[in-house]
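Think of it as A, B, C and D in the order they're written, each chain with its own count starting at 1.
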Amino acid sequence: MAIQPADGVDNLDALYAAAEELSLDALWRIAHKVLHPEPRPAMQAYHWPWSKVRPLMLRAGELVDLEHGAERRVLVLLNPGLPGRYGTTHTLVAAIQLIKPGEIAPTHRHTPAAIRLIIEGEGAYTTVEGEKCLMQVGDLILTPSMTWHDHGNESDGPMLWLDGLDVPFVRSLETIFFDPYPDERQPVGKPVDYSLRKYRAGHLRPSWDRPRGAGAPLLTYRWSDTATALRHLAEVELSPHDGAMVEYVNPHTGGYTLPTIGCAAQLLPAGWRGRPHRHTASVIYHVVAGHGTTVVAGQRFDWAPGDCFTVPPWSWHEHACAPDADAYLFVLHDEPILAPFGLLREEAQPGPAV
Amino acid sequence: MAIQPADGVDNLDALYAAAEELSLDALWRIAHKVLHPEPRPAMQAYHWPWSKVRPLMLRAGELVDLEHGAERRVLVLLNPGLPGRYGTTHTLVAAIQLIKPGEIAPTHRHTPAAIRLIIEGEGAYTTVEGEKCLMQVGDLILTPSMTWHDHGNESDGPMLWLDGLDVPFVRSLETIFFDPYPDERQPVGKPVDYSLRKYRAGHLRPSWDRPRGAGAPLLTYRWSDTATALRHLAEVELSPHDGAMVEYVNPHTGGYTLPTIGCAAQLLPAGWRGRPHRHTASVIYHVVAGHGTTVVAGQRFDWAPGDCFTVPPWSWHEHACAPDADAYLFVLHDEPILAPFGLLREEAQPGPAV
Amino acid sequence: MAIQPADGVDNLDALYAAAEELSLDALWRIAHKVLHPEPRPAMQAYHWPWSKVRPLMLRAGELVDLEHGAERRVLVLLNPGLPGRYGTTHTLVAAIQLIKPGEIAPTHRHTPAAIRLIIEGEGAYTTVEGEKCLMQVGDLILTPSMTWHDHGNESDGPMLWLDGLDVPFVRSLETIFFDPYPDERQPVGKPVDYSLRKYRAGHLRPSWDRPRGAGAPLLTYRWSDTATALRHLAEVELSPHDGAMVEYVNPHTGGYTLPTIGCAAQLLPAGWRGRPHRHTASVIYHVVAGHGTTVVAGQRFDWAPGDCFTVPPWSWHEHACAPDADAYLFVLHDEPILAPFGLLREEAQPGPAV
Amino acid sequence: MAIQPADGVDNLDALYAAAEELSLDALWRIAHKVLHPEPRPAMQAYHWPWSKVRPLMLRAGELVDLEHGAERRVLVLLNPGLPGRYGTTHTLVAAIQLIKPGEIAPTHRHTPAAIRLIIEGEGAYTTVEGEKCLMQVGDLILTPSMTWHDHGNESDGPMLWLDGLDVPFVRSLETIFFDPYPDERQPVGKPVDYSLRKYRAGHLRPSWDRPRGAGAPLLTYRWSDTATALRHLAEVELSPHDGAMVEYVNPHTGGYTLPTIGCAAQLLPAGWRGRPHRHTASVIYHVVAGHGTTVVAGQRFDWAPGDCFTVPPWSWHEHACAPDADAYLFVLHDEPILAPFGLLREEAQPGPAV
């Protein structure tokens, strides 16, 4: 093909105009916006105090009816830096859900995966693919991608929990699928807490179960197990940044509980003060117990039980626990999204703890 | 904690206002925008004819100087449905690069991975981590994430190639890192085409090389190998949708060449007409040889050598080849991004070929 | 090369003689010995009653001195069908070890991996690579391949345990390596029961520990955990052949605890009677608690606590528990050796339980 | 249980006698036979000259009839150090097979896997699971575990090849299964050389084939590809011990072609002399072309085309090529058997090449 440059394009402005007409742009004009030395995340560090969220949630319990209109009574934690993206971070979204006595949140399924972390109440359940999972405070319950699930409250008090989903990530990949179930409730075809009773001891598995790669065999992680593991770990090892910290894992693989959502828990000993670090993962914290302070890129969050707060990617952050009692944090993060692509990076600030 | 709903929030409007103040939103107001039955991709099917892109690229060769200002002389294919996102699809970006005799595109590295598919010219090279990879028309050359790379043209003619990168995906994860190299060129410490000579036969590997998981051992895939493989495959098997189609793989794992970018090639036999299908992966096509037609969700693209066009996720599409000669397509797709999360889905239209 | 058959070899006998001289043999003469329709194992089903083994072991405690001569006071269970092969099965060997108060079994390491299952006593330990693992009855303690290990008894009573090793398998591969340690004891550089405290909850792992493929992160499996897991499992699921049965797994991978030795435990409910099955794995059983009967290829073993017995590959066998109390079995098997090669096969006898 | 040592066992001899009666033995009496510092392999280094084997094989062609009696006309290379174990090494067996014009070696399958390396002739085939694989000199053809296979010779000359199987290893695990096929020949249901045409380019795979873990997708490896790969590799890298050496791999995994048998090929440049090393793998060499010398633990083998020789585990060995022409070796080894268990070990003799 002979060299025939475009006619009538005699200068850069003409070039840019001609390019735009063809849906082209010159890299040298935009490269600095796209390729910068370090991440410049749009999401912000932010803090949702439970003292303000809980009353609003309860009011929503009075004003909004599950049967008419709302499938789920949920307030979503929207990061102010991500308008229109419906995310608490750019990959994950957290929310508070309330279900009142006798209510049922009807059955559906979707490509986004979800977790619940029980905040208040007892006597409610999630049914996941025919298995009724009973909820106790602090428990983690999974509803993996495309599993049928519904919630119900058989107690006489309100039930409050934290929802965590990978909706922003699945949306960014344009792979949202959603199916309603023909009935309000799906049939329960397995013993109550079936997976908990089969797989609770992660270092022992039923001999007839060949480990499955992808699926999550264990749907419920009891808080009592998590708290015990954190205390045992704290006796022998602490991270300088995170205190005692355990990752919830899929007992069949040793990997993350869900392919897209990392779940972890931290114990910060009373009076403990961590050293700053930063990493490319984005994080949502939920305070299970205790009081403390987290400083994110110079911004200080004093947190109390029930609070949520976020840390953006590549932002320096440090935790400290109040002196009176140990603190327990539940943690949602997107490490499993970054890890397959070699995009996890971490940096610790040199020198002694501040 | 006693039940104390928020004071003064007596109706839904007051609830929404109070929520907004706390950076909360009611899921039942936004759920329909977020969770819909099927993907509603923002990106559009689009077609960039080489007959228009090439002259503009050559003019850019006259107007833009690599040494002053532009590190790379590149025109980016911007999808009209993704303003401000610098993507050809929501995850991948393609571009045309021109390098003139004697020019050097200086050394740098970045978290986004890149591939080149050589369109025109011979006698240029990419150096990747000390290995000089010579370019021949149709060759695929990889520069994996965070590998130092520079390009040079030692021939006496212009060199044109297709760039493919995962920039939109890496940006959406807020993990862009970029490093310039202290010098224009990095030292060449290995024999020319080292990896090609070591790993070209993918079913035989040097005995002393233990297969590495992540890294891409083979940097250059010669077009002559690809064309031969396509012809051999076409003798024994054709896809009803894609004709003969081969995926470029990492010979150490059998998996995708790069963790984020799928590269493939298709041979559509002369006169062949495929049946429609759709999948959740997004695709960028580049025509290596031949003429044909692709219909994407009712929109018809008649393509010729050098053209690029895209297919959005979950869009029905079908290919046909002109009767005179076989056509060869090079294909960039984001299957490797979707696969780890169970988000790959495909659907074939039932019935005979249209 | 022209066809020149061997001179002077005029009949089959001459051919066989000439072949033998060249260290050749005719396959058609030996094929029936080598390739038969089903396995013909050399090992035998066999039963070692604790009522006879224990007194002999205690006598050995009086007659044999750990400091002079014997590194380990161990009686090996030799399968009568495997003379000269030092195995309880063709791949695994079990033995009884006694260590008296104040004694030390000095430090060494070897390619064969080992496990201990504590039978009697409390207050002894195994130190593995600097970690002191305290022994309680029923505990499983691992000493993976090539880990330094020594045993000591700091109590005032005798300590008895079951040893299990892969010596016959490692010998069959001609890969026995053995190193003595310069001192009797290795230094203890970690907290007591370090790995137990870090990794006991298999579904939660320290966040800073990236899962390691091969190594065994958890060295001690407490019997109390195993018994609890078996009881929980028995509430929801039983194998028709094995009652409740759990496999000890590496919490970092969900796979077998050791690459060569499968460890499992069974609960046979009181009065329960299993159905016959057979498989290519060979098995060594050790009775932790309870009484029962196992019939192996028509041979009946009535077992009591402390007994050991074996089941050869591809032998029909069925278990039954006495009516008065649940029985607990500890199980050693070679499934992990067979699995990588696709050599696991299992068959259940059709029809109702006998 | 009270301490009650065995009555009447008053000295060591009485202890040993009582133990023997119970099928027990004292470890301290046998440990030195079992656990030694380094491997003491039973197999011997050995050499089978083609000049002697071939005439005998041809005579067998005259004396032995495939239709009456022998299913396969095969002379097995029996290691003199392994009487009764039917092995060339303790894990692998090699043999020479002859099939005359018009003959058919009938269809069967078995758990042992097999490979063929074609020595002489053209125009014969192996059919594996419905795929007819045509044989050319130097080709490697696989018959994985439990695949139906039969051989036929449609040429007018004798066909000679090397068989390699994992029979000794599968026997040592007591997992031999063998099935005859109802007919002499199985139906051919795929195009000739189907897998070769689909998978020959190991770095490109049909897009619709999801990589399968275990199975061997590619059944035929053409010698021309192997020789080319060895020559390209020799241009850029040589092992000090093995010259240019490539491992045949499963293109879907990058791992060994078969789970139990490692296949490799070496090019020793004319006049090249390697340095000694040793490893725990056992090896069978077959000379494809050229002349040279291998010294194994002081024993010298001068080899010529068609010869076979073995190297036992942990034996120092060194290769040298005659000065006139490059030599090509085909190599069978048991690395894939050792690797899953961490039992691979290698040691290079320090200092310059001898």
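Quick note on the criterion: a residue touches a chain if its C-beta (ideal position, glycine included) is under 8 Å from a C-beta of that chain, and two chains touch if they have at least 3 such contacts.
Only a predicted model underlies this, so the values are computations on that prediction, with no experimental measurement involved.
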Between chain A and chain B, two touching copies, which fits better, same or different residues at the interface, with half of the numbers shared as the threshold?
same
Rounded to the nearest whole Å, what is the centre-to-centre distance of chain B and chain C, using the mean of the C-alpha atoms as each centre?
52
Just curious, how far off is chain B from chain A if you go by their C-alpha centres, in Å?
29
Inter-chain centre distance, chain A versus chain C - centres from mean C-alpha coordinates, in Å
43
Numbers and ranges of chain A residues touching at least 2 other chains
none
Okay, what are all the chain pairs that touch?
A-B, A-C, B-D, C-D
Taking the complex as given, what residues does chain A use to touch chain B?
1, 3-7, 9, 11-12, 15, 18-19, 22-28, 30-31, 33-43, 46, 48, 52-56, 58-64, 69-80, 86, 90-91, 95, 110-112, 120, 145-146, 158, 167, 170-179, 214, 259-260, 280, 282, 312-314, 334, 337-338, 340-343, 345
Can you list the residues on chain D that touch chain B in the complex?
190-191, 194, 197-208, 211, 218, 221, 225-226, 228-229, 232-233, 235-237, 239, 242, 244-255, 264-265
